[in-house]
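The following pair of complexes shares a single chain, chain A, combined with chain B in the former and chain C in the latter.
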Partner chain A sequence: MLSLAVILFFVGVTFLLPLFNVLLLSISDPNGGVSLHHFRALATSVSLRPVLINTAVTALQVTFFCVLIGYPAAMFFARLEGWKANLTGVAILFPFLTSSLVRTFVFIVLLGRNGVLNSVLVSLGVPGAPFTLLFNHIGVVIGMTYVLLPYMLLALIGTMRKIDHTLLDAARSLGAGPVRIFLTIYVPLSLPGVAAGAIITTILGFGYFVTPALMGGPGQRMIAQSVEQRILIMYDLPGAASISVLMLVVVLSTYAVAARYLGLSRLMRPQG
Partner chain B sequence: MSKRRTIARLGEYLHAGYAWLVLAMLLLPLVALIPISLGDSATMSAFPDRISLRWYREVLGGSDWQSAFSWSLLTASVATVISTTIGYLAAYAIVHSETRLKSMLEILMLMPMMVPTVIVAFSTYMLATWIPLDGRWLVISIGQGLLGLPIATLIIAASLRGIDPTLISAAVSLGGDRRQVFRMVTLPMAMHGILSAAALSFLIAFDELLIALFLTRPGLETLPVRIFDSVTYELTPAIAVVSVFLMALICLALLAGAVVRKVAAISEARVVR
Partner chain C sequence: MMQDRPAAGHRGAKLQGARSASVHLEAISKSFGATCILSGVDLEVAAGEFVTLLGPSGSGKTSTLMVAAGFMLPDHGRITVGDRDVTHVPPGRERDMGIVFQNYALFPHMTVAQNVSYPLKVRRLPRAEVSRRVDEALRLVQLDMLADRKPAKLSGGQQQRVALARALVFEPSVLLMDEPMGALDVRLKEELQWEIRRLQRELGATVIYVTHDQNEAMLLSDRIALMRDGRIEQCGSPQELYRHPKTLFAAQFLGDSNLLTGTATSDGKLEIGPGQAIELPETAAATAGARYAALLRPEVLLAEPLLPGNDPAPGACHLFGTVRDMAFVGQSIRYEIACESPAQPILVHQVARATHSQMSTGQAARVSWDTDDIHLIPLGDGND
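Here is the complex of A and B:
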């Protein structure tokens, strides 16, 4: 009982109360009253709309590429056993644990005009090379896909490992071809993992700061940067608060819907 | 028939090759940081013309990187203590209570992970306005501790669930009081989880950017803030040097984790015997 009080006191004072303060700030007006004028300002703001659209598009594109790249690879990794499974586990965990700043930084070096990727493309004689891969939309999508892919892989492998392979053997012995087995058994059984991974990457991508801030140009600004700019540069705390509330509503309602169908624990523990 | 089998075999090889390629793509960019850090000039390349330790000297000799490192060490250590302690208390309450409170507490503990980091940073910024300027670093620690709390709670709860309840009742029936049972049974058996939770929350706090960025001021700059500024304004191989150090830290943590797991397995076997 005492420990419960300690927890509630700590989380209440350091997290819930300040968060509540942010909510209050978003509905405050300059005279100390309550009004919705910050939200009205957001709704009519011409500068925020492209940021919102860009954020949503980037998050969804990154998720799509993570599924596309991750799914076939995860299928293979999920089948491994023994030291190979341990090795791939550590190999995925290592970039997962490495600071996203570091991972973004190395991509800035590698994707530059004289970077490794462009040098390889030029020496292969790819038409149009060297490409501009930095400070534009492509760069942000590449960087964020790299940063978020481990989350997707962990979610997929966790689910795929639990697939009962006797079901696949049964289907095979009944005469089903590999394509049919894959489409009617493997894909449906792995879908919860795809959904969990996709929701995690979309939500993380939606609120992402480091990669778009360092790899994007002014046209690639995302919503977390708008909050940061309003706090640190424009000192517009109520404006930052109203964008935060908007983000909170989007993210928490996504979690609520996802938790209903997938369970909260599957979302929170990417390892399955 | 055999032709079909050859095609299937070929497909399997392609599949395996693709998967290893994805893994290589995940790791190679990080490995590339090592040659980048060994470059001699201010421009960076994965294949430097001349190998030198110039940037290592620059980083190790420069007082700004050192001070950033010490600030990060301080805030992350305090954050680790916060998330591991609160995480243990919460995990214990979650595992050992059957009321409706349990799921409420679970969601409360997961909140800092569900709320976008920039908003956690914003609310920590609000918290800092209530606290004198000298306490800024502590507020950074508190915010970073909050970020590590969800993972710490999940990991410790999992290890507490793994304790066989008959061991606890055996200890109680042998006359152990609450404190003895905690110190001699629960704590050693949950130690593996507690240490993993501490290691992970340390890494999370040590790598945390936004909270520290919002609360930074001259003389109080953590390593990620320093890296962020450096990438924005300077972009020199010094960042690669720091990155190599950070990766070495993670390697050490992973290695220590493996050792702890081994030791835990041995001591568990001893307890059971």
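Here is the complex of A and C:
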């Protein structure tokens, strides 16, 4: 009971209290009263809508590319055993040890007009090279996919490891070819992992700040940047708070819908 | 609960065993590195025959099945189904074998009906044909009421029957089963054993079955192949294996046994101890001077109290001793009777009839038998 009280205390002081504070701030009135003034302003704001749309589109695109790259990679990793499995585990977690700021700068070096990638492409004589891969939408998607891919990989590998390989043998003995086995057995059984990974990357992508701020152009502003702008440039704390609350609502409802239609219990127990 | 239902044939099932074929494993060997797991397995299974691979764990029975199934490629040897050489045919449509896996390997995201229809959809059968055959197969295993359930919502026995239906529905030429009863409780096991036996006889399917349970093997099989150290020790009908084991291993693996070892004498007896010889059946044809073990199954022995006045001299077809332990196990009373020789106490399983006086521990007893119940196993050529 004591430990529970301690946990509640820390969660309360460090998490719920500030969150409550933000909520209060977002419905505060310049005169000290309570009003929905800030939310009304958001609803009518011309500048916020494209940012919101860009944020959602970017988050979904990043999720899509995470699945596209992560799925085959995870399939390969999930089959490894022993020291190879440990090594891939470390390799996937390794990026988390460096700050996302550093990782983003690495990509600026790689993707710049005179960066490593473009130099190689130019020297290979690829038509159209060098490409503009930075300070535009492509740059943001590449950078965020790189940063969020490990989350997707971990979710997928966890689920794929639990797939019973005698099921694949059974399908083979029943006459199914490799493509059919993949589509009718492997993919359906790995879907809970895809769903879990997609929810994590979408939610994290939705609130992402560093990468779009450093690798995006003015047209790629995402919603976290709007919060920052309101705090640091416009000094509009209640305005920033109201956007934060909006983000929270979007993220929580995304999660609620996902939990409802994908089955929350399935996300927790992939084989359930 | 299943046996008293009408047989499947009267339920309108039309699954045919007509395609069942013979299987021939010839000189199958397989090694992993320096470890030899199969060393020359020879097995011929006739069309419609039920053959069980029986043996302790590590004897190679599951490996033999996996080689037959095509999941494991033998280093040497040949596998033929009917007159087709399938040694290098991978598992699947062309190999044409139905397999019931140890853990059933049901697809958890599919319903019972979807599981059973899987092999038919793979074969692109018309939809009406698929649903007709799925219905038949499910009726055959009495699961037609549960067609829309997911496997996780079924009991172990029901799951096993789904696996069986799925392996039978595409009418494979051979059915392979790998310890399908392993995870079930005893009562259910026996019920399903009778069910499998009935189904197999009805469909005329060729079955290769793996188990480590000797009772299961005897109940189900036309023939049992007893395996040991990667080869077949002895292959024969349950009766043959139980009554006439060729080796001590076979004698001891199937059922309880009393083995009286000794040297054959020129007058047709076996000297099992100093001055103690038992009479051998005339058919035994023992070579004088050679070492043998006389096998006496516990249930062919008669144990009775040694009454005063009874001659306690060792006889030609009886032994004297004291009851070391006894237990009542329902269908029989089991005695352990310590004699001077053999050193091992003699096991007696005696049918518990009301007229029999039960002996108690420490009591002097006489164990007797009919000479014809003795089976002789030659010793000394490395088979013990």
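The criterion applied here is as follows: the second predicted complex is superposed on the first by the 245 of 272 C-alpha atoms of A that agree within 3 Å, B and C clash if a C-alpha of one lies under 4 Å from a C-alpha of the other, contacts with A are read in each partner's own complex, and residues count from 1 in each chain.
The working rule: a contact is a pair of C-beta atoms (placed from the backbone, for glycine too) under 8 Å apart; a residue touches a chain by one contact, two chains touch by 3 or more.
Everything quoted here is computed from the prediction, not taken from an experiment.
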For the three-chain model obtained by superposing on chain A, do chain B and chain C clash or fit?
fit
Check whether A:56 is in contact with chain B, with chain C, with both or with neither, and answer first, second, both or neither.
neither
First (chain B), second (chain C), both or neither: which does A:67 touch?
neither
Contact-wise, after the overlay, does A:176 reach chain B, chain C, both or neither (first, second, both, neither)?
second
Rounded to a multiple of 10, tell me what angle the C-alpha centres of chain B and chain C make at the one for chain A, in degrees.
80
What is the contact status of A:164 with respect to chain B (first) and chain C (second): first, second, both, or neither?
second
Partner touching more residues of chain A, whether chain B or chain C
B
Partner chain in contact with A:185 - chain B first, chain C second, else both or neither:
second
Superposition result for chain B with chain C: lowest C-alpha separation, Å, rounded to 8
Residues of chain A touching chain B in the complex:
3-4, 6-7, 10-11, 14-15, 17-19, 21-22, 25, 69-70, 72-73, 75-77, 88, 90-95, 97-110, 114-116, 146, 149-150, 178, 203, 206-207, 209-210, 213-214, 224, 227-228, 231-232, 240-241, 244, 247-248, 251-252, 255, 264, 268-269
Hey, which residues of chain B end up touching chain A in the complex?
8, 15-16, 18-19, 22-23, 25-27, 29-30, 32-33, 36, 44-47, 82, 86, 89-90, 92-93, 101, 105-120, 122-127, 142-143, 146, 149-150, 154, 203, 206-207, 209-210, 213-214, 224, 227-228, 231-232, 235, 239-240, 243, 246-247, 250-251, 253-254
Residues of chain C touching chain A in the complex:
69, 71, 90-93, 95, 97-99, 101, 103, 105, 107-109, 118-119, 122-123, 152, 166-167, 170
Any idea which chain A residues touch chain C in the complex?
164, 166-167, 169-177, 180, 184-185, 188-189, 271-272
